[in-house]
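Below are two complexes that have subunit A in common, paired first with subunit B and then with subunit C.
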Partner chain A sequence: MSLVDLSGLIVSLVLTLMVFSYLLGENPLSRPLYRIALHVFIGAAAGYTVVLIGWYVIWPRLVVPLRDLALSGVPSASLIISAVPLILSLSLLFKLLRSSLSQVGNMSIAFVVGVGAAAAVGGAVTGTLFPQVRAGAAASAFPLADLPRLADLSSGAFERLVDAGVFLIGTLSALLYFFFSAQRAPAGPARPAAMTVVATIGTVFINVAYAALYAGAVAASLALLADRVAFLREAIGKLSFQ
Partner chain B sequence: MKRIIPTAIAVAVGIVTLLGYFIDRGEFKVPQLVLLNWATTLAAVALLVGIVNLLRVHAAKVGASNVNSFYSLLLLLTFFGVVGVGFWLGPAGAPARWVFRYLIAPTEAAVGALLFFFLVFAGYRLLRVPRSPWWAAPVFVVVALIVLIGLAPLTIPGTEALGGIHNWIVQVPAAAGARGILLGVALGVIATGLRVLLAADRPYGD
Partner chain C sequence: MKAQTGAPEPPLFTETPDWMQPAGSEPPAAAGEVPDWMQPSGVTPAAISAEEPDWLKPGGVTPTAPVGEPTPAIPGEMPDWLKPSGATPAPTPEQPEWMQPGGATPTAPTPELPDWMQPSTTAQATPSAEMPDWLKPSGGTADKEVSAGDEETPEWLASLAPSEPSTLPRMPAIVTEDAFDFLPPAPPEAPTGEAWPTASQLPDWLEAMRPTGVEGAPPSPAPAAQEIEIPIPAAEKIAAPTARPSAPPTREKTVEPAEAADLARAALPAWLEAMRPIAGGKPTSPAIEEYEETAGPLAGMRGVIPAEPVVALPSMKLTAATRPSVSETHAAKVQLLEAILKEETAPQAVGVADRARPIIALIERLTVFVILAVAVIAPFAGTGPTFTPPSTFPAETIAARDLVLSLPPDRPVLIAFEYDPGATGELDRQADALLTHLASRRLRIVTVSTRPLGASLAQNALERNLTGNANYAYRKSFANLGYLPGGALSLPVFAASPREVISADFADGGDLSVPLPRNYDLWQTEAISDVHRISDFSMIAVVANSPEAMRAWIEQVKPYAPQTPVIALVSASAEPLVQPYFIKNDPSTLQDETAAGPLQGIVSGVFGAMSYDQLYRSSAGLPTGLTGAASQRWDAQAFGLLAAAGLVAAGGLIFGLYGIFKYMRARST
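Up next is the complex of A and B:
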């Protein structure tokens, strides 16, 4: 093992143990260790992000086009178009000032918010709404040709009908759960009675969906824990042979 | 005037971007791509501004010289160290790769591993704290346990029958609930986005 890998192994081992010291609870030893590991991690992650932004965004997208245009002497319209993101980026830096000048940065924020809102609407319509409705309709569909085979339990047609029905009811009731409009009532605003029943059914399906997601998150974090424990065993084994 | 200009910019660039999604013609697609490209660059610069603010906060803590100064000093030293080695040979250079492989990735994985304990504790607390409706927490825990057993790489003796139930739960009621949530989120995003594009919401002014 090279010295570079050995030093890396020691740093990884120490940082992993420092993070796991959180499990010892609030005590004078574990609390500083955990906080040191976390501050080192945040500093390194922020520094790495700055390097990536500088290397892959600011240099190739802001500096290089302007430098090339200025050197080649192309028409000034192209230069202006290339300069727009630079001007907006520079105006964004005014947000760091604690004076009225920081309002100059509002134009850049407005630009990002406007494009971001449009991208979110476009993405939600074309990437979520239409595909999910299409997939939901496909999952809730039951071929009419299977109707005569419903009585034959071995054909699986009855199971498919039940699944399609549960899927349709689950999707619609979960969606209608988010219908929060209420009518005026003596005891305070209340949903219409029919909507209350649908929303209750929707709660069951949302609950089941969240439980499945929770189980997935527990399984993923357990896999990470197993990986870290295996790493600790391997690292300690390697270091003891050095 | 100071509110009109940002509003006009947001509405104008938003409408031009949105048209590019629904009208498949070059006159609309090209401006949309240019605006998305600029917005991506600006988002990266905004992240940079956020990091500068983080450094400013921690520099102030170092100056205050209290019990937290040491942690902030450590953060600043690590930050400038990583920036130094990162710009020296680039993100693909050996020093930056060392930082990512031996410092960032293991710490991130260790923090992610801690999540297991938080999640299990949260599940335990869910059963202890009374909530309305009464059946929600027991249903949640039972479904989560069945799905977890189904996800296990080895079959636990006596739980073979749960495999079929696990598959049905994941493929039918959980998928239906998740689809309902996704559709609700998409409708919410559309409503919120349209409010911004119609200038009913203006989340960019001081």
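Up next is the complex of A and C:
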């Protein structure tokens, strides 16, 4: 094991234990250890990101075209292409001013927000909404040709019918749960009786969905814990053989 | 409102300057009786601007006449109520006759005017039964004098008409220094030969404003005995000074109590009374009282409000313009809010249970951790596997394996690393399983990431799985395109034209072990030389720890490559939200629904990674099963899940029983 690998192993081990100190709660012993580890991680990530952006964005898209312009005297195509982002980026610096000039930066913000909203809406419609509706319709469909085969359990027709029925009821009841219109009643606004029943069924399906999310989160956390424990065991084992 | 009566009323003010006296009723003041500083220097009365009110011009009436001489009235230029009562001019057709001076003088009815506007012989109206009390005149004489035409005249209008000739001009009851703004500027030097008026000719307040440097000023003022009747608006009388404790001292003349008692107080609605402005502004300070103006038309005057602090210097109003109207309902709500705030801030007695609550929470947290830690750590101390690897596999994982097996060998595969270092413990296993499978098929591999740290994670995964593989060399059979700036917005651009977005790979400066050739062109390298658009990849695999990252690739990239299959390798926490994008094939139909859906395969969590690895081994003819560290990790995951499920069940059982116990105890009591 090289010195670099050994140093990295020791730092990783110490930082892992410092993060685990948060299990002891907010006390004078564990709090500074956890905070230091947190600050180290945030600082390292921020510094790495700055260098990466400088290398991937600023250098090839701004510095190199300017260098070529200085050397050749002829603006390159990449410099012209980079002019608009450069202007928009520089205008963002005006947002730092506490004067009316800060409104100059609104143009960049409006551009980013507008493009982002357009891309998100368009992508959600074509990439999520339509496919989801199509998938929901396909899952809820049951071919009428399978009705005569319902009694034959080996054909799978009954299973598909139950599957389609559960999917259809779950989808509709979960959507109708968010129908919050109510009627006037002596005891206060209340949903119609039929809607109350449907909403209750929808609540069951929504809770099942949340339970699945929670179970997934627990499983992911346990996987991370097992990975860290495995790392600690390996690190201690390596250090003990040094 | 107070009706005019025939009896003379007591004067409201006894301190009236001479120039305010009507020219006709009193002998005109001589020129020598006017203060010099109030006379225009070097300007003859005829030269006074026509913009000035006539009654302010010298002589009080006619600018061309010498001061002190009676002058004929000019009806067209002077308000009638300012004209001397002795000289009754002919009524003008533009004015109702009750506004003419000497309203008591009987005049012939004007045929052009309606009856209710015809002048009455006596201006007093008799209050009828329909008239509200507050509209009835307070004088008793009005009850006896009823004109013949009052039956057709509205009584409220009749009460407004003056009952007798208005011999004196009307002016507001409050006279402030602002009323003198229209005066011509005071001369710097008093004209010689003109004496100051005597003490009996000037009121005290006017005497106090005399310039200090003027010679001939009388030393001691004497109270003036001029009597004048000045009607006071009702609203100003209602404004009792005692109701404004915060009002600053003003220079307004107040109404004497005896006089105010004769005035009827209007009954204003509460909401209107609440809107009465409160006297605001800066309180008068002694400095202002002693301030002497040195410039402008008020030069030489003391006690004037300095204009500079008001106009030029920034200031802030100290008091509110209006006083809020607080009803009983509002007051009750305010009291309720105050009670709530007091209850929140009041120190509460901390019981034994409250003091022990943090300790109980800490013990509970540590107990949960100890149970989970033992469950996770114990397999690493064991010798053999406890749990067998999965033998039944999810359909979406099988679909992912089948898709990789069917990929053409001449096209590269794109893998997006969309996770951070915090998720490496879970997602690195999946990335390793996929890379191992792809490497076994000798497929070209290209990685990219929209996260800054994702590029380095991709580089680590490539080095971890491909280093030492003789079939793989950087930029020949695999490449790391690195960071894709712009987040989700950069995906459509990258999908449409990858070469315009990526100009350097991650190893270009990131990995110093890779030599950088001169005139290096990334897209001419062997690994990606045939890639011009996103559809040139044979498959897109997205390794993501959040459903948002996965959804961004589906929504932004899939429309540019609808025929390119996409598989998702996601965290277990994101699987429920990614699962709907996978359409499972219906065995009853021959249609390939999975191929038409957004996702063609899903590998989820550690279980999915283990399943994919087992599927790959079985398809490649490699021995299945787990050994070594992989077996220990699998056992740790399985024991941890069992412990978590046991804790959830135990917690639910304990709190359920506790709730039932509380319910039973509450019901029994």
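Here is the rule we go by: the second predicted complex is superposed on the first by the 195 of 242 C-alpha atoms of A that agree within 3 Å, B and C clash if a C-alpha of one lies under 4 Å from a C-alpha of the other, contacts with A are read in each partner's own complex, and residues count from 1 in each chain.
As a convention for this text, contacts are C-beta pairs under 8 Å (C-beta built on N, C-alpha and C of every residue); 3 or more make two chains touch, one makes a residue touch a chain.
From a predicted model like this one, the values you see are computed outputs, not experimental measurements.
In the superposed pair of complexes, A:A190 makes contact with neither subunit B nor subunit C.
Once the two complexes are laid over each other on the shared chain, residue contacts for A:Q103 go to subunit B alone; subunit C is not touched. Within the superposed three-chain arrangement, the count of touched residues of subunit A is higher for B, of the candidates subunit B and subunit C. Of the two partner chains placed around the shared chain by superposition, neither subunit B nor subunit C is touched by A:A182.
Once the two complexes are laid over each other on the shared chain, residue contacts for A:A135 go to subunit B and to subunit C alike.
Once the two complexes are laid over each other on the shared chain, residue contacts for A:G156 go to subunit C alone; subunit B is not touched. Looking at the shared chain after the overlay, A:L6 reaches neither subunit B nor subunit C. Contacts of A:G25 after superposition on the shared chain: subunit C is touched, whereas subunit B is not.
Residue contacts after overlaying the shared chain place A:A70 against neither subunit B nor subunit C.
In the overlay built on the shared chain, the residue A:D227 is in contact with subunit B and with subunit C. Shared contact residues of subunit A with subunit B and subunit C: 23, 45, 48-49, 52-53, 55-57, 61, 115-116, 119-120, 123-124, 126, 128, 132, 135, 209, 212-213, 216-219, 222, 224-225, 227-228. Against subunit B, in their complex, subunit A makes its touches with residues 4, 7-9, 11-12, 15-16, 19-20, 22-23, 35-58, 61-62, 81, 84-85, 88-89, 92-93, 95-96, 102-103, 106-126, 128-129, 132-133, 135-136, 139, 163, 166-175, 177-178, 200, 202-219, 221-222, 224-225, 227-228, 231. Contact residues on subunit A toward subunit C in their complex (touch as defined above): 23, 25, 45, 48-49, 52-53, 55-57, 60-61, 115-116, 119-120, 123-124, 126-128, 131-132, 135, 138, 143, 146, 156-157, 160, 209, 212-213, 216-220, 222-230, 233-234. Those residues of subunit B lying in contact with subunit A across their complex are 2, 5-7, 9-18, 20-22, 34-49, 51-56, 71-72, 74-83, 86-87, 90-91, 94, 96, 98-104, 106-117, 119-120, 123, 133, 136, 139-141, 143-145, 147-148, 151, 168-190, 192-194, 196-197, 203-206.
Contact residues of subunit C toward subunit A in the complex are 362, 365-366, 369, 372-373, 376-377, 380, 422-426, 452-453, 455-456, 482-483, 485, 488-489, 492, 503-504, 509-510, 551-552, 554-556, 558-559, 571-577, 580-581, 583, 586-589, 593, 597-598, 604-607, 629, 632-633, 636-637, 640-641, 644.
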